[in-house]
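Pasting the structures in now, so scroll down.
Look for chain A in each of the two complexes below; its partner is chain B in the first and chain C in the second.
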Partner chain A sequence: MNLRFSNKAISGILTVVPAREVAFEQEMANYNFSPAKCLKLKLAMGYGKHRIVAGDACASDLCVRGLTALFDRGLLKKDEIDALILVTQSPDHFMPPTSNIIQGRLGLKRDLLCLDICQGCAGFVIGLVEAFMLLEQEAIRKVVLLNADVLSRRVSPRDRNSFPLIGDAASVTIVEKDPSGGPIHANLKMDGSQADALMIPAGGFRCPSSPETARLEEDENGNFRAKDHLVMKGDAVFNFVQTEVPPMIAGLMNAAGADPGSVDYFMFHQPNRFMLRKLADKMQVGYEKMPSNIVENFGNSSGVTIPLAVTFNAGERLLRERLKICLAGFGVGLTWASILMNVGPLAFCEMIEYD
Partner chain B sequence: MEKTGFYEALAEILEVEKVGDADVLREFDAWDSLTKLSIIALADSDYRTVLTAKDLDGIATVGDLKDRLEKNGQ
Partner chain C sequence: MENKILDLLKGIRPEFDFQASSDFVEDGMLDSFDIVTLVDELDRHYGISIDGIDIVPENFASVGAIRAVLLKNGARE
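== the complex of A and B ==
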């Protein structure tokens, strides 16, 4: 469906990555693949180093780090937050909502809407759409959109399909009313008939975790994972992205009456460099306009990859300039969604570390 | 469709000098999940064909793969 918003803007983006950085070469021995084949995999997919949490750090820990940094620097005041949205697939607990936990830990006001959304790769775009809808209310002037995942804790270290690319991270995006904000166009689609393309089979109520679901099993490609771990049908996801994303963006441009050539950046979800370059080729977009360097530097942190791509590739520019940016997320659900909007100049647009 | 480039593109993916129609895909040293993904990507970019890993498991030879891509790519 096509959506349209007006008088709203992003005013700041802060990303938080774990200080712990691990290189692909340090983990090669875990994979049932020769060193030569591992290096070929690294080159083809664009793997490098990734940021993964040490120990049992949770989504709320990364979010609290980010929000505290903003409070300390005077870039955000506690009492001006009217809604706190957290998009995550790795909540601290099944209940209560992790956004309520964050509210409590930080002592935020009680006149506040806390809302957890379970979305992944498209989670930044879905979260923004939700923030824009909330801002239609008079009482809601400023929304803090949090995206956070620590999915490395649920990926088998012996799964070369997923472990080399996984990353943990969080982002804090401030979304607010802006009378001078231009039109914002968005669209989204979902296909739950392919829900098993990306999933963690066990650990929920359908299949609770047990010693049985923790047992590692070998798949046909020599990867070892348990039912408690994330499993991805790489070929199905690849075909889904190449088939659905180009027409989605064409539809977005059409609805907005925009020329793709006028877009400064295509800040897309970062599954891996291979998939993004194929997508850029198909859409005839130059690689410099569609960054694909997040997986090789930080890993794929699900819904946080778009804000990471923004802060890493355009952080300085967005402090000074106003850029036309096309955002797109696609993956788990399946869900695919995109937004075309002007962004900047921002009050802050940078990355910090979590220790 | 770039059918003339099929053998060259496949040989590059399979890391050999050249390939022939009778060659059996799964007997190549480079036959693994990454190679399969590269062929899936070739099918998408050059033949506008959606090929799955399961489809590939049911395709025996280089010639069979060429037939499959050309049939769907028309």
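== the complex of A and C ==
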């Protein structure tokens, strides 16, 4: 569906990555591949190093780190937050909502909407759409959108399909009313018939965790994972992305009456470099306009990869300039969604570490 | 072109005799990561970009299928 918003803007983006950095070479021995084959894969997919949490750090810990940094620096005031949206697939608990936990830990006001959304790779776009809808209300003037995942804790270290590329991170995005905000165009689609393409089979109420679901099993490609771990049908996801994303972006441009050549950046979800470069080639977009360097530097942190791509690749520019940016996320659900909007100049657009 | 394809396949999976197989995928000689590696090398060698929607196992199941996908995507013999 096509959506349109006006008089709203992003005013700041902060991303939080774990200080712990692990190189692909340090983990190669875990995979059932020869070193030579691992290195070829590294070259093609763009594996390098990834940031993963140490110990039992949770999504809320990364979010609290980011919000506290903003409060301490006077970039955000507690009492001006009217809604706190958290998009995550790794909540601290099934209940209560992790956004409520964050509210309590930070002592935020009670006159506040806390909302958890379970979305993954498209979670930044879905979260923004939710924020824009909330800002239609007179009582809501400023929304804090949190995206956070610590999915490395649910990926088997012996699964070469997923572990080399997984990353943990969080982002804090401030979304608010802005009378000068130009039109914002959005497009989103879902296909739950392919829900098993990316999933964690056990741990919910359908298949509770047990000693049986924790047992590692070898798949046909020599990966070892348990039902408690994330499993990805890589071929199906790749084909879905290559088939659905280019027409979605074409439809978004058409609905907005925009020339793709006028877009400064295509900040897309970062599954791996190979997939993104295939998209860029198909869409005839220069690689410099569609960054694909997040997996090699930080790993794929699901819904956080888009704000990470923004802060890493355009952080300085966005402090000074207004850029036309096309955002697109695609994956878990399956869900695919995109936004075309002007962004900047921002009050902040940077990355910090969680130690 | 066939010889170059065989050279690249041999480089990726030296343990297999690709000339003895009529279906590399069915025979377990190429997995999805091998296909990614092969596409990356074919793209660079022929100076093309194989369309993402063509990157499906059946297009890499034989030398003939690989040749066909290369020609479709602008490679020259």
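Quick note on the criterion: the second predicted complex is superposed on the first by the 355 of 355 C-alpha atoms of A that agree within 3 Å, B and C clash if a C-alpha of one lies under 4 Å from a C-alpha of the other, contacts with A are read in each partner's own complex, and residues count from 1 in each chain.
Heads up, the rule we're going with is that a contact is a pair of C-beta atoms (placed from the backbone, for glycine too) under 8 Å apart; a residue touches a chain by one contact, two chains touch by 3 or more.
A quick note: this is a predicted structure, and the numbers were derived from the prediction, not measured.
Colleague: Who does A:Lys40 touch here: chain B (first), chain C (second), both, or neither?
Modeller: Once the two structures are laid over each other on A, A:Lys40 reaches both partners.
Colleague: Once chain A of both complexes is superposed, is A:Thr68 in touch with chain B (first), chain C (second), both, or neither?
Modeller: neither
Colleague: Touching A:Leu279 in the superposition: chain B (first), chain C (second), both, neither?
Modeller: second
Colleague: Touch check for A:Ala236: first (chain B), second (chain C), both, or neither?
Modeller: Only chain B is touched by A:Ala236; chain C is not.
Colleague: Should A:Asn221 be classified as contacting the first partner (chain B), the second (chain C), both, or neither?
Modeller: After superposition on chain A, A:Asn221 lies in contact with both partners, chain B and chain C.
Colleague: Using the superposition on A, tell me which residues of chain A are in contact with chain B and, in the other complex, with chain C.
Modeller: Comparing the two interfaces on chain A, one with chain B and one with chain C, the shared residues are 37, 40-41, 44-45, 221, 234-235, 238-239, 242-243, 274, 278, 281-282.
Colleague: Could you list, by residue number, the parts of chain B that touch chain A in their complex?
Modeller: Chain B reaches chain A through residues 32-34, 36-38, 40-41, 44-45, 50-54.
Colleague: Which residues of chain C touch chain A once you look at their complex with the stated criterion?
Modeller: 12, 31-33, 36-37, 39-40, 49, 51-53, 55-57
Colleague: For the complex, which residues does chain A have touching chain C?
Modeller: Of all residues in chain A, those touching chain C are 37, 40-41, 43-45, 160, 221, 234-235, 238-239, 241-243, 274-275, 277-279, 281-282.
Colleague: Could you list, by residue number, the parts of chain A that touch chain B in their complex?
Modeller: Going by the criterion above, the answer is residues 33, 37, 40-41, 44-45, 161, 221, 234-236, 238-239, 242-243, 274, 278, 281-282.
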